[in-house]
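In the two complexes that follow, chain A is the common piece, with chain B as its partner first and chain C second.
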Partner chain A sequence: MNIQSIVENITINIDGQDVEVPKGINIIEAVKMVGKGKEVPHYCYHPKLSVAGNCRMCMVEMGMPMRDRGTGEPILDENGVQKIGWMPKPTIGCATNASPGMHIRTNSEMVKESRNGVTEFLLINHPLDCPICDQAGECRLQEFSAEHGRGYSRFIEKKNVKPKRTTLGPRVTLDDERCILCSRCIRFSKEVAGDDVLGFVDRGTYSTLTCFPGKELSHNYSLNTVDICPVGALTSTDFRFKMRVWFLKRTHSICTESSVGANTEIWSREGKIYRITPRRNDAVNDTWMTDSGRVLYKAIESDDRLTQYTIEGVHKTVDEVAAAAVELLQAREVALVASAHSSVEEQFFYQSIAQRSGATVSLVSHYAEGDGLLLSEDRTPNLRGALVTGLIHQLPEREAKLEALARDINSGAVKTIFVVNEDLTKLGIHKEMLAKVKVIYVGTHANETSEVANVVIPSLMVYEKDGTFINQSFRVQRFKTAVPGPRGVLSDFHVLERIAAPLAQEKVAPLSIDDVWERMVSRIAQFDAAIRWSALPEEGVALDASAFLDLNFVESKNLKFDPVAFKETSAAPAETSATIATEA
Partner chain B sequence: MAPQETRLIFKHIDEEGYTNDIDCYVKNGGYEQLKKAVTMKPEDICAEVLTSGVRGRGGAGFPAGMKWKFLDRKSGKPIYLVCNADESEPGTFKDRQIIHQDPHQLIEGMMCAAFAIQAKLAFIYIRGEFFQGYKILERAIEEAREKNFLGDNILGSGYSCDIIVHRGAGAYICGEETGLIESLEGFRANPRIKPPYFPAALGAYQCPTIVNNVETLCDVKHIIEMGGEGFAKIGTPGNTGTRIWCVSGHVQKPGYYEFACSDVTLGQLIYDVCGGLKPGRKLKAVIPGGSSAKILRADERFTGKLKDGTEFDWGIEDIPMDFDSLMAVGSMSGSGGVIVMDDTTDMVEALANINYFYAHESCGQCTPCREGVPWMRKVTQRMVDGEAREEDADLLKSIADQIAGRTICAFGEAASWPVQSFIAKFKDEFVEKAKEQAARRKEGQEVAKETTLI
Partner chain C sequence: MAKTKVLERKPLSFAEKTFLPQIVTGLKTTFTSMLQKGVTLQYPEERPTIPDNYRGVPTLVKDPNGREKCVSCQLCEFVCPPKAIRITPGAIDTDAEPERAHVEKAPQEFDINMLRCIYCGLCQEVCPEEAIFLQDIFSLSGYSREEMINNKQKLYELGGTLPDKHFKWDKKKSAEAAGNAH
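Moving on, here comes the complex of A and B:
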């Protein structure tokens, strides 16, 4: 969390200003730490990849305090200040690590001139097709050309011709003429995705990015190459030509694909999502996410979306369905099939409802094989939330079956089932059995259970509501509304309040999400009393997990989570997580 | 009187009856120095090499002993020795002779050096075009192994080292030491960034590695023979040992000539040793150290101060052929490829030829070189094709200035120095070219002269 306190700090001088930076940090990062929007322009450097040093854009002037070669004594100028020995040539910031006393010039004549030179070189063979290029608006080359270019071309020769519209894989299209050969995508595939399929062929100015023969860029992280491509060479086949990026609104969200909880950004316009990209969180997903997680939003517009509150198939108002649900729940003999897809806030309400209606709670596992990176074995975003809110106390069975519930239905012990987002017919409870009980269904999409349900409450998808999830490392992470949900459908916790309050003979309160949090922090030990949803930090808050360490979670080691190490650090006095929580 | 050659490394080159097999080599006193070396302490040999002051013969002229000193011995990783036999600087043809005619001299030098730095394994990276040389080396190594001059427990010393010959695939950039190492490891020969990848610390397979030129490694053998101080007596201080000058171009007797450093001047080399220019021709320019060295104009006066403070005032013919003097006149001795041009040479075409080579050989890794060098090629090609503009000279200079010093490896300099120096010294010809073509165009004549580049 707090790098400076762990690593030794040193003082370096950037453009005449002394700055404290962690030892060994490179100059690009050091200059970024100065703040005030100061930046060393760069293309090939990426904080999460190895340093290649090939774009030559991040040139800075570097000097070290001079010392006498023989005696090691500092050499002083007439004012008694140690002289600086400036290097005759500029050096690249990405591969220069800060050392004590180092002097850096990021804006001298020599630096400006070399940036101008690199910019001119990058543009001579570039097609300059910004008007039809998808990257326009978020293109480093475009930005830096405006900032550091000369504004006109001295190049009158013929440009090189390279392949256009090459299909690299099922999701990525390549325009080689736009490629500036920074090798980010190659390094990503090799170092992060672990699937070394990209490389350069041919030499010199004819160097061309391509897939190795017989291979394709098809791994589940291929779209990250599009994200990190600083120009419009690699484009998403799906997003290509769909929308200008400057028209899109960006909303911070969380990926629901698995318990990793990758931080994401939703790009939408006029209530329609156009793409999802990863958002940097060094404790969760670095700057990456899966390809499969990026298309989940497409379910918003699917034909089987539930959009109406209904009782016995007849459209009703939200108050009518809530009242119907309350009536069923008050009759007791209720079973609640909860979901780890629900947000923490919703689970908090389900916990109250279960308590107030005396319901037995079961939760169905959604386990599959993990990929060791950003797709964990648990394919739900919020199993930890169900534990923290006290909705469940044990992990769900590995096998996704509801045998106990089936027995209870057959024996008549259960008369009403409150189902959240699960299709019971897939879990060992046939339609004939469902006919014996009353079913309240809450969910985003129709399934065989919702078809036979007596009360149907449509629910919003993660993109359409505010909330939080707790990921595999017990980190509470916030997501915000990016697009409106189906007309007339309320946010889940508003509906749940209409059910939970009457069950306890309370008045239904008009709640904001911060009000829900006020209730939660008073009831949930892991939540810091001062914190509210709207004040959660962007990178989330790590909770004290010590109460849950005995549980046998399914996640194995992945990119940022090591279950063994996590157990060890969490078992130690919960000092770290507590301080972080207050800090936040 | 023509100055006398000092044949040290080329002692037996072109000698009647001298063959490249091991028997002939041993008969002529071969492998005696290796026998001596393995009885010495490795650090003593390193000290001798440092005392000898021998400078790298590959181009940069960096003191070899100093290079060895930078070896990271604390890491505990194995040390590798690599012989750079990727002789590809246009105008250079010395290493080929050593490999073809006296391969055992190289092997002996290498094993002495390997023992001195305690290398675990040695490589010879030979350029792909030297197929014959590759076969000769393979045979020679087999012969030496049979006689226990390399392999396990060399001459009973307890030291073991083998040589692996690796063939390149025909790329100039493989002569750059980190590019060579990448290629040796089986990758594209993209030079590495320094820092952090200094070969002496993180070289082949991320282990400490020494890369030396063929001629430099041969010198090691002679340093052991005559001792560091004895070797240092050849030539002048700071410019010790002999150099093999590969003279090509418009001289009567092109070829390779070995002289002690400073023993011969450029004038003597051209007129006395190489028999002068063709009848009726006048000297126009000389590139003294392979095509990447800066060109020297025949009618220039070179004045300045040497490293030791002595002032000089030379014409082109007075320049002593050694590292520091050529550096002082603004060029370099490089790999020893002396390219002589007489007054029939069209400088624009000559530069177009050089640019063609460097544009073709740029590895394409870093931006200035990848984009800038082919741009220069396109400009000079256009000029030769009849579309020259008067402002092209300044454009070329400006492009070259944007490349030199901004690249990952020294290729950026190698490619821009010729352009910078050609423009600095023959700008009038570049401008004249444009005017001449404009005039011919006006008269409706064929604009470009009939020339073919390579």
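Moving on, here comes the complex of A and C:
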């Protein structure tokens, strides 16, 4: 994350302007650093993949300060300035690394000419399917054709015919006519996903992208190939013909699939989510995410969604429900079954509620096998949040069972259970046992526990509310409301405030999420006192994890997280605080 | 304050005082119009001739082979200034319509809200498939709001068939059948 301060900077000259860039960076990245919307057009280069250099779109002119070959003395012009020896032909920006004194022209006649040529060649066999192509609107070929194309084709011969509508795998459809042979998908499968299934067959204009015989693109990262495809060759079967991308609103969010906390973008239109794609965060997920994480939003529209505040199965208002919950909690002998799916803000409220009602808190683990990339062993997004907010102090048992709670119910030590989004019947507490106690259920979807619950409080899914999660490396990451929740359902912390405040004989305050943060930063040592939800940076803030290093977390090494290395760096407090300072 | 200058009105001549020249000029216009062919159109019974480039009610058309031209690219929906167009895109069922499978995409639903439409013609201009045309229907009425929303079926009824210069998709299909690949 602090690579730029470690690597030495050099000065290069881009279009007559001296720019400081890290040594060894390539020209595409260097030009991007200049800003002002300056870009070297490219197809095959991807910042997180190896350089292939086969699309030839990123041609730039390059020159080095001239030196005498014999003596090594700088050759000066009549003004005493060192002459620049321009290369006679353009060079590709992706495979040219910046070196001191290098001069680059990204907009000269020669460069424009070569881009126009490349574009014309790419369009020779292109089917011009744009009206029926899902990539239209986010297609690099479409964009660069507008910029560098000639508007008509000089190619009068017949275009190549290649396989269309090919099913590459369970989630990806391939249209070979649209493919520009950039090989990003091949490199991704090989280098990142570690499942080398794609390749080119045949030669010249007949080159065709295909799966190796007997294989299919079925790994859990296959949809990333769709994201990185610069054209419409690889398209998502799920999103196919659902909606044009220019109608979709993008909202920054966090994937809830596991404690990796992959940064995502939610694409929605008029309150309906159409797809979820990864958002670049070099400290968390690079530019990738799992396929399984992209379909989680479909639970929004499931039939068993809880949409009504109820007491004993009768619809009530939120205030009546909150009052009923308060009454049950005030009677004490309460157990809180919290959730690591709740946001940090909600866990903060649950902590207050547990404290004020004297509840014993248990949290259920959701552990499964990780894949070593972006799916960690802990399948909850916010276990660290429960620790940071003080809701729990020990990690939950590896086995998802609530034996202590079951004993307490049987012995009568617990009279009321406050359940957050868990199905107790699956955790060793049968329905007959639940009948002995009062149950307050907060959750998004109905389950057997919510059916027997005395008080049911519907809650919003991550796409429908604002909040934060703390991921495996103690990074606070923010998610925002993408779509409205079910009608009449309040954001969770508003309801929890209606329960928590009366428990302490306080007045219910009308809270904004920043107000919640104001309370949190005063109580939680890990949070910087000045920070607020609305001011959190997009890439998140790394917290001081030194208080939790003794805990035995389940995550093993994955794409951006190494538990051993993390322990070592977090144990050195000076360095950690320096990191927070630079990032905050 | 500006000073107002009062002008003396010219006194009327004798002929003007009789009003006869004015009456005669007026009657001349009356009699000329009386003898000419009438210009009033007895609308609803009589209908005006509509020029070809008239911008009437937007409709969807089919090509001479009876093929649905719209591929639901949703550009008209995007460009429509009053947001009158609403399309639900969908895939063509390859098994049900194998002869149309190469087009891949067609609208499932296509609604134009004629209470919103401003007859600007941008949808016709933007259509890459020449599937939507503002034709000669200019008078539209209904008893309810729902009636004023033209659905896909109604739009094709209103649109009918128009000649096609390109037969783009037929060419594509024959190229696919010929298999230009080696």
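Keep in mind that, in the parts below, the second predicted complex is superposed on the first by the 573 of 584 C-alpha atoms of A that agree within 3 Å, B and C clash if a C-alpha of one lies under 4 Å from a C-alpha of the other, contacts with A are read in each partner's own complex, and residues count from 1 in each chain.
One rule holds in what follows: a residue touches a chain if its C-beta (ideal position, glycine included) is under 8 Å from a C-beta of that chain, and two chains touch if they have at least 3 such contacts.
Treat the numbers as computed from the prediction; the structure is a model and nothing was measured.
Would you check which partner chain A:Val60 touches, where first means chain B only, second means chain C only, and both and neither mean what they say?
In the superposition, A:Val60 contacts neither chain B nor chain C.
With both complexes overlaid on chain A, does A:Lys158 touch chain B (first), chain C (second), both or neither?
A:Lys158: touches chain B and chain C.
Quick check on the superposed pair: does A:Lys242 touch chain B, chain C, both, or neither? Answer first, second, both or neither.
Second partner only, chain C.
For A:Ser114, is the partner it touches chain B (first), chain C (second), both, or none of the two (neither)?
A:Ser114: touches chain B, not chain C.
Mind telling me which of the two, chain B or chain C, contacts the most residues of chain A?
So, of the two partners, B touches more residues of chain A.
According to the stated criteria, A:Ala446 is in contact with first (chain B), second (chain C), both, or neither; which is it?
Neither: A:Ala446 stays clear of chain B and chain C.
For A:Tyr206, decide between first (touching chain B), second (touching chain C), both and neither.
Touch status of A:Tyr206: both partners.
What is the shared patch of chain A, the residues that chain B and chain C both contact?
Touching chain B and chain C on chain A: residues 158, 160, 202, 206.
Which of the residues in chain C come into contact with chain A in the complex?
Those in contact with chain A are residues 71-75, 77-78, 89-91, 94, 101-105, 128-129, 172, 175-176, 178-182.
Which residues of chain A touch chain C once you look at their complex with the stated criterion?
127, 130-132, 136, 158-162, 164-165, 202, 206, 240-244, 246-247
Looking at the complex, which residues from chain A come into contact with chain B?
Listed in rising order, the residues are 51-57, 59, 88-90, 92, 95-96, 113-114, 116-118, 120-122, 124-125, 154-155, 157-158, 160, 180-181, 199-200, 202-207.
With touch defined as at the start, can you tell me which chain B residues reach chain A in the complex?
171, 188, 190, 193, 195-196, 359-368, 370-375, 378-379, 382, 395, 398, 401-403, 405-408
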